[in-house]
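Working notes, beginning with the structure itself.
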């Protein structure tokens, strides 16, 4: 019953197999290898256009490098106040960006709304040189930290606002697969066709060992990124192994199959908890379930071996727990957890 | 005949096996796992003292994070003019250090000498606030970029100079194993007992997939490094896998056995070239051989499938080539290369 | 009727005279002159203890250098959401601090309260490595951007909270004189005796040409600041002239006399507006008056030559204007403005 | 006999008078004043084209802001090894540039030569991503730290090389007036017509209190500089006073008259020393004289009240002293110094 994080899962067997295959013979380092070339083509196919691809070993690195690349040091990145970049990356975007500022906005269900963004961007007195920072990027997480997802129309509305103010739209896709698996659209639809300019495409949480990609939908905007990644310590020398992970992840839509399983487990968990009287506090749209449980029940569940984080407290003093499923989660685990919850 | 880099080699089978073992079940992310604890203990055992250990995926990241941690932004890092940190990391130390300055010094055989360092540190008019940067660190590469190694007494002399001027001694140990395998001393002897304060311990070139460690010999000096690593994008989420690589690398002295093989191949290559009339331009002390070859011979070797970099040109117009061996290099490859060289 | 800013005022005649006196003969640059030594002693006298003093030409520079010096790059500076450092310095603290994060908190009357600070600091799950930034400094503005001032007990309460969490208390004293002139306490009482660790002491708004001081109450904490100031471009070469400004400002309590005049003009303006039916929206405690005026009245006042900024809008659609007085403001200007306001 | 630095001089009386005039009445801050507008026009007239002008209080700030603006963080600035930016600014360019790298080149008489630059830029293996920094700017000092000046043809040759490699040509003109006064050319000839892209135009050493200007000859390249200056702490609030200094400096060619005087005093000093047997070690072309004196003579001169820096030692053990003249230097001082030197 490990619901602590999708990071607690291991590596999908297909990806382990790909690593073993990549280990045959010699290959030039730093991305000058065949696997890397194939992965680049795969991303172009996936997104139905030429894209520039930079593989990096961590999601924090992907986000920070991407944001630094599209934001001058005096720029602001507008994001949800609970965004991973704002809360969980120890200031990486600020560091990589040379002192950029994150402007954190509220929003129900972990999502930024066009109305909130519009109001903030429209407050012209608070923007612009010499005294104020300049809006340079809007960053959204798909899926969000609350396990919810943006619909294409929502993304488009945010993109239009960002672009109208000269800002770039960045998508933190650490759980991109979980989001896409839920929507009946293409990867292109959910990104550049809706106005996303740069994407952190995550594979690690989805089943890789440590592989993320920064994708620029306009390859010209990637100019200089090769140097930025290297000096950021994020260019792997034996690059074929990160490429092999990503290749296997994308191959035959493995990533979407893994994501659908994780999502299905989250649905099952959410439904079960609802039946137990603990309706999730936010819509279950990806692979995360947030539920308000009595503290005693939390203790009991953890005593029984369940692993999860206590996220927050609600107004009535109950604990809001975060339950994350992964490609490795089994229906048995879910059922056992639900049964314990029902028993109260 | 791949002598392009030790990065072109793959991953040692023992390390691949360790990755497979680490892939069983769930484990908390970000280093909160058992394998990471074991690796930390292994490093303490190896160095015969308590050390603070931070695993990171790249050597550039290890060096840049280490140097940034011991150098204020107005500090200088004195190093050899051909050092990897000065030449090959695209300014990573400068970036991570908030604009530190690398002071690059000459030195035969790729090594910094105590005399040169003493003269530079002793030029007091060029140091100190408000107008000048302050010597904050001395960085040496063991083995050096020229494939040579510092003897313990040399390290000690440099350490004493550094410390006398208030500077920290950093060792870039991307090829630490190759160096140690050559000297009849312990890892402790070659580091903290000789005055090294912080070490970038490399495993990637030695046979891992992507695993380096920053080692602080005084754990108190590591205060804050956890945050620095995370915001540097260098904290892996599925951390057990980097730890598993390092554990297998250290286990049963695998790292030294792999290094001895690589070194032996370099010896054989150097001897063979010397017999062919191409005595290496620098002593062959680790796993690199530098030799001055006629351009026509270089062309012929490459046409025959040999891979290597043309490093420089000597005074007589011959090409100084760099030949790097690895744990994967075979005696057959070496012999074939030497035979071609002898044939001229 | 220039109420746009205290920056629109000129330089007090006593300070101009001091500049002329300082212009006699030669003096070593960069602070190695007699005037600088005298200013340092004056600050020690003023604060009744040894302090370290760094003169810099701008308030933004003073704040950014001070905060960068007490905050590691992964640190957070907690401040009021309307603080100058958060809103009006174009990200200078983030830049000088290597990517530090400003955590902006609400508070009535432009002031941070101990309750708000306590709640935020006490939310332990949101702080600390590796994932979260670390509270490193609390910054308060005395007087605040709303023209209000912290009482000594309020400062002490905030200092105790900051210190209890390992954070430094910084005071942005761009209008330090205006605040101190209002309280019946000493400069020491309002600063280090109440727990302030580092102060940006402003003279420019008070009547100098361009002179601010960073004051460390514990001189040992200033270690390295000399280099930081220089590489920040904030060390003046003909330093005697900034020192001369500060000396004249401090001499014979000129600064407090100038501040008292500015404050008195603000009082008069606030009282007059209250009589006209426009009671200031925040207490008038320093040299700023904020009042909600009908837009038509604003237009009329500006047409009549009054200069001021439209700060915000209140719930009923009236314009909240900011009116700043200075040492140069005359009672006649104030009366004329009030008369126009009364005429409606 | 103060030859320590042109920074030890005071402020020219015409500039003091201008400060007094600027002190009448109110003026908007931050450059929104009439004097600033006039200075901008004056610079356009001086350079015979539209230029973008940013006044800042220090030369270090001017250089660092200018270089940071034309260099990406992974860029290199090539300069003479004795350049002020490399030696005397405590790493300011590295800091403002987010970790840029200064590549320091040798050159006789303190000057960079086209041959040296060409050789370094032409070493293609050492440049470019991902591993190496990218040449982004070439910076020359006019006059140089050795008191020599570049002829227009020399500047043009360096500019052509820089531009051919995609790099910007920056001129550190802390002593721009001293250089221009010596050449029979216009300010335009010595800058943009010869290929200079961005200039740090100094007034402080020439006779101002603290006023420098960053000049972009292509105003479009200044985009974003307003924010960079502010967040660099270099935007003065009472900006009219820095503008007034610069206006008076430029007015009626005061700057050139002051520079001619300083140069003439240097000539006289150099000639006198040559007659005394101490021919200057570098050509006296601006307002600095470097001469090799016996240590005993140095002691005697300093005992007699002469102030100067001991710069270096020559091969025969004599002290190379730096003697700087300024607008304030008198013929009497020079003669007295020479007489002492002749007396030996």
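Per-chain residue numbering starts at 1, and chain names A, B, C and D are given in the order in which the chains are listed.
Keep in mind that, in the parts below, a contact is a pair of C-beta atoms (placed from the backbone, for glycine too) under 8 Å apart; a residue touches a chain by one contact, two chains touch by 3 or more.
From a predicted model like this one, the values you see are computed outputs, not experimental measurements.
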Given chain A and chain D, the chains that contact each of them: B, C
Pair joined by more contacting C-beta pairs (B-D or A-B): A-B
Far-end chain from chain D, centres as C-alpha averages: A
Repeat of interface A-D, chosen from C-D, A-C or B-C - more than half of residue-number contact pairs shared: B-C
Centroid distance [mean C-alpha coordinates] between chain D and chain B, Å: 41
Whole-Å gap separating chain B and chain C, where each centre is the average of the chain's CA atoms: 50
Centroid distance [mean C-alpha coordinates] between chain B and chain A, Å: 34
Residues of chain A engaged with two or more neighbouring chains: 30, 73-74, 89-91, 94-96, 98-99, 129-131, 133, 227, 230-231, 235
Complex contact set, residues of chain A against chain C: 73-74, 87-91, 94-102, 126, 129-133
Parts of chain A lying in touch with chain B, wherever the complex brings them together: 2, 4-5, 7-11, 16, 19-20, 22-30, 56-62, 64-65, 89-92, 94-96, 204-205, 209-210, 227, 230-238, 241-242, 307, 328
Residue ranges of chain D touching chain A (in the complex, touch as defined): 30, 72-74, 98-99, 129-131, 133-134, 224, 226-231, 235
